[in-house]
Amino acid sequence: MANGESLIAQGVDLMIYGMGTVFVFLTLLVLAVTLLSAAVRRWLPEPVPAPPAPRQVDTPPVDAHLRAIIQAAIDQHRNR
Amino acid sequence: MANGESLIAQGVDLMIYGMGTVFVFLTLLVLAVTLLSAAVRRWLPEPVPAPPAPRQVDTPPVDAHLRAIIQAAIDQHRNR
Amino acid sequence: MANGESLIAQGVDLMIYGMGTVFVFLTLLVLAVTLLSAAVRRWLPEPVPAPPAPRQVDTPPVDAHLRAIIQAAIDQHRNR
Amino acid sequence: MEKLAILWQQSGLAQMELGPAAMMTVGLILLYLAIRRGFEPLLLVPIGIGTVLVNLPGAGFEAAPVYDAQGHLQSPGGLLYYIYEAGIATGLFPLIIFMGVGAMTDFGPMLANPKTLLLGAAAQVGIFTTLLGAVAMGEFGWLDFSLRDAASIGIIGGADGPTAIFVTSILSPELLGAVAVAAYSYMALVPIIQPPIMRLLTTPAERRIVMQQLRPVSRVEKILFPLLLLVLVGLLLPSAAPLLGMFCFGNLMRECGVVNRLSDTTQNALINVVTIFLGLGVGSKMSAEKFLNWETLGILGLGAFAFCLGTAAGVLMAKLMNRLSATPINPLIGSAGVSAVPMAARVSNKLGLEADPHNFLLMHAMGPNVAGVIGSAVAAGVMLAMIG
Amino acid sequence: MEKLAILWQQSGLAQMELGPAAMMTVGLILLYLAIRRGFEPLLLVPIGIGTVLVNLPGAGFEAAPVYDAQGHLQSPGGLLYYIYEAGIATGLFPLIIFMGVGAMTDFGPMLANPKTLLLGAAAQVGIFTTLLGAVAMGEFGWLDFSLRDAASIGIIGGADGPTAIFVTSILSPELLGAVAVAAYSYMALVPIIQPPIMRLLTTPAERRIVMQQLRPVSRVEKILFPLLLLVLVGLLLPSAAPLLGMFCFGNLMRECGVVNRLSDTTQNALINVVTIFLGLGVGSKMSAEKFLNWETLGILGLGAFAFCLGTAAGVLMAKLMNRLSATPINPLIGSAGVSAVPMAARVSNKLGLEADPHNFLLMHAMGPNVAGVIGSAVAAGVMLAMIG
Amino acid sequence: MEKLAILWQQSGLAQMELGPAAMMTVGLILLYLAIRRGFEPLLLVPIGIGTVLVNLPGAGFEAAPVYDAQGHLQSPGGLLYYIYEAGIATGLFPLIIFMGVGAMTDFGPMLANPKTLLLGAAAQVGIFTTLLGAVAMGEFGWLDFSLRDAASIGIIGGADGPTAIFVTSILSPELLGAVAVAAYSYMALVPIIQPPIMRLLTTPAERRIVMQQLRPVSRVEKILFPLLLLVLVGLLLPSAAPLLGMFCFGNLMRECGVVNRLSDTTQNALINVVTIFLGLGVGSKMSAEKFLNWETLGILGLGAFAFCLGTAAGVLMAKLMNRLSATPINPLIGSAGVSAVPMAARVSNKLGLEADPHNFLLMHAMGPNVAGVIGSAVAAGVMLAMIG
């Protein structure tokens, strides 16, 4: 950029144009997203997606549960 | 390859030699594989391999089965 | 290193200084580690850590155990 | 105000031209086909994005790095430049993918019935007749195709992505985008392209032919096969050795049973990473001047032609073999010889079940299917040997 | 005996100087902060080790390779030299990380309440006021900062590691170490830096504001958003396209649902590997002459200043929006606009629960949080366009 | 017909010579040893395949790329050329592997009984006496070994693959194939080589010595050890810092507990990928002129000699320490000092159980076992410092 100006002046410019661009861009994005959502709900309605499946398959909590049940069962036998 | 010939001529050559090579190669492969299998069954007989183990260890189906059994057990208790 | 010497002489040098360095270094390491452990136990005592968790979550051994218990339970029912 | 001018001049809108705009649309269409229509998404999603990125005016994704006189880096190159130069111009990515494909391939069905290798050979007719068609167009001056271009176009008929990319990146890099897109699109269209041809060329009776149960194949055979193939290729057609060598290496890792951790990584993390970058790199060649021309239309047309011919040749070869040999072969598995693993085999199975609900051809079709991979790699080798 | 001399002269003790010794201490301090204090360990552990390694006298981790006149390799370069040249000087590593971050980002909350994008914009005030502070220091000759340096320092306020590294490696590589360390340290300090500012600028009543339940967002919206963002960036600010392009690519792989294996690898093996090498490469720039000077202190001070300003700007913007719009916005989510995903959002949630134990702000804060990532990437783009 | 001639001239059969044919056989033998006999398959399978590939006549796996005068790529290089130049000539692959090994190493047993470090020192005697043997052969003109060659050969006795490859690729690359093959083969043969020596040098009574239960080691010690080792190496022997630095980095990632996702990837995807390419790269140096000569026989002989000496030295050192210290040491764990992790430790345990079925030495042997890794890295450092 023009090197005649002082460093400060260049910094001020950068700040003005920078923040300006950021706000303009994100404001446009707000509009675009709003239009997008409206368009999608209008023309491509869809059942709400289920949350993505968990990546690694862990042992299900039921095991702990199971163990409890068995324990109960065994006890009942014992106590008979 | 010789650039005197027409493009067509070169294409025809390529087709002839290409398909030729493909057939010759795969025919040889048929023979080689047949010999290989014969040799293996003759000199290195082996019990048929089990299908390769599944890559990630998921929770085995037995769990579902287990749950059923327990349920039955529990019910019997209740119904007593 | 000085190329005047015979290959043998250079090899001998390398052996002497090499083994020397190895022993010196590892002896220092013994001392350092001993001091480290002493310092840690003196100033940073800590409950012994649990062994690191297994990387992939396999089905826990308990399943086999479980199955046995169930089997027992079932049998008892049958034999009643 | 000249700051605003700078920002404006650097904006994409100011630099936008018709060509890049059209190509970005092409990229979005590829994404639509991949995501909505399920066209080979693993490749076409990265290719589509790469197409969009490389055509963003002023984004410099394919810019080469700039060095000053002393050789110091002045401005770094673009991401897609580095990906293409490091992975595609060198041939590394297709070869690594081929290693992964090898590690995912089970040669059991083919080993149980080796004659099916011939079906994989016949299906390669598509490659070479298409080549002939392309040189004809070149000769008559309809389209600007050299012999090298024609070979790259023909290989589309191999229905094997990495092979097509490997050959094209060597013989005619400027066609890479069109060839790769055609190859993957038609592989995705196999379930639509093949059935009519298969029905046309077979009688209901033939489609009902029941094939012999495949014998079990021992582990030793599966371990020795990749080595056998590797040595055979080395002895007869070294120009096919890079592709088939890596393919055999991957398959050996899979079958030998002592390096499972290497085999797993090859089939997962490694092939996934390379697939992403391969797709982006191919996309980086999707520029307007290279893609938006009559040659591309010619390539797409010839590619479809190649797929149809290969399918027909495979089916007819199966019928011929039925004449010559005692053991029956259901001609529906011939079409699987074009590879396009595993879609083509599934198509054979589907049409088989239509003809006879109890006749499962999937395993029988896997033989010619994997044979087709070998066949097109061999065809690639011949082309590289005679032209490259 | 001259052998002993050789060994001694080559030993680190003989070559040790004050600078490297101090920098090794800095490296160990970074490791302490990462391991004991939990400061962004994924980055600061590799950075800390890299700092120690590159400052080991005579270890040659950053040595360039030496070639003879014929161009044959005489002595190979050091590990960190290769990592830096291949991955950071080229910009590849930050871009690949950004792709992974995109694959881990859920834009759902932001799409459900797009207005929160403006909070992500406001928080970038920190970047540019800090830039101004830095140029002031330069102008008055207090510290030796050029405009390029000032931009690199300002971007710390973006609270986004890869963005800061990408910009700094282009604009002023010699500051890379200090800038990266400041960025990641302050991101780790968000839970300490932000709350007082947030309390200062909000009334208890405002902190208790309950926000409307977020509407469910359909998969189609989630798939189309990254494409929309990508095209918008391309048209308006191509200099931000490398960062946001890869970000959108990663997010598309996540949402499109047809390339889950690529998405998984991008989020795990690939980003982990690149994180390790990115950290080591950044550490390789932590040399005494570049780090142990007043400029670094200035950078650390200005960085903190940037974080505080960004936090405040986000909160105030939220209050302003409350004035202008009907739908209530809890100002506590404004601070999440600095990104620092997901810490900043957690902080908003925590303060919200303090004010009202039944008021969960986490999901609402994720909107500005991801918006902040976009905001700082846009800010980076402007700087690269106007200075780079 | 000249087309047929072209194909024939390019075929492997036409170009086959005795050397490559013999080397392909060597490659197949390595594969046999790896797959059937379980010789270090993770390395010997890729090395074996690499050996076959690089010796396929006309396949051009090790061809260098060709550029025209303008520096445009005319023909790309071969896969193995790129792998070797990028990963082995630079030293990157061995260092990354070492990082992974560090992430897989538990220093607990060694920290509980630090004296066992001395056993790891003693076992390195094998390295240097072998070096002496090699220079002797060179001096007497029996074989053509320089001092650099001798050092590379000696390092085989370190029983540590990456260390041997790292040193050899710097000191005498042309020996890389033979040295790597010898190192990995003998590591696989440890269960056959060591027991007789161990029995010869110990009395049944000594083999029955029961060692004190190891004390538990706290997490803090495990975290601080790699840092301590790293600093010590840096101060005393920087030339060993690349190897041990990456080793310590990997171990720190493992123990610090805050970067588990990095540690996991280092131990799995990353080390697996690098192992594949390291093996292929080593194989690419297995050419007839470099491997089929008397020097290779000398290397194999000297390598075995080195393993035996190292084993003996470890055992004798243990007996000496028994004399000097009160706490008993079972001399069987001395042999584990050659590293070859974890085979050597298992061998110690096996012989211990033979002598006393209730005497489990495995944990006690892990100490010298990991000490041996450090010991050979230090030995490598000395050689690089005095010769390199």
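Brief remarks on what is shown
Think of it as A, B, C, D, E and F in the order they're written, each chain with its own count starting at 1.
Just so we're on the same page, a residue touches a chain if its C-beta (ideal position, glycine included) is under 8 Å from a C-beta of that chain, and two chains touch if they have at least 3 such contacts.
None of these values were measured; they are calculated from a predicted model.
Traced through touching neighbours, the fewest hops from chain C to chain F number 1.
At the interface between chain E and chain F, two copies of one sequence, fewer than half of the residue numbers in use are shared by both copies. Over half of the residue-numbered contact pairs of C-F are shared by just one pair in B-F, B-D or A-D, which is B-D.
Between B-D and A-D, more C-beta contact pairs join the chains of B-D. Put simply, the C-alpha centre of chain A and that of chain B have 40 angstrom between them. Put simply, the C-alpha centre of chain A and that of chain E have 18 angstrom between them.
Averaged C-alpha coordinates give centres for chain C and chain E that are 36 Å from one another.
Along chain F, residues 3, 6-7, 236-237, 264, 268-269, 382, 386 each make contact with two or more other chains. Multi-chain contact residues of chain A (touching two or more other chains) are listed as 1, 13, 17, 21, 56, 59, 63, 66, 70, 73. The residues of chain F lying in touch with chain E in their complex are 89-92, 95, 170, 223, 227, 230-231, 233-239, 241-242, 245-246, 248-249, 252-253, 256-259, 261-262, 264-266, 268-270, 382, 385-386. Those residues of chain D whose C-beta lies close enough to touch chain B in the complex are 110-111, 114-115, 117-118, 120-121, 124-125, 127-129, 131-132, 134-136, 138-139, 146-147, 150-151, 216-222, 224-225, 228-229, 232, 236-237, 264, 371, 374-375, 378-379, 381-383, 386-387. Across the interface of their complex, chain E is touched by residues 1, 6-8, 10-15, 17-19, 21-23, 25-30, 32-34, 36-37, 40-41, 44-49, 55 of chain A. Those residues of chain D whose C-beta lies close enough to touch chain A in the complex are 2-4, 6-7.
Listed in rising order, the residues of chain C touching chain E in the complex are 1-2, 13, 17, 21.
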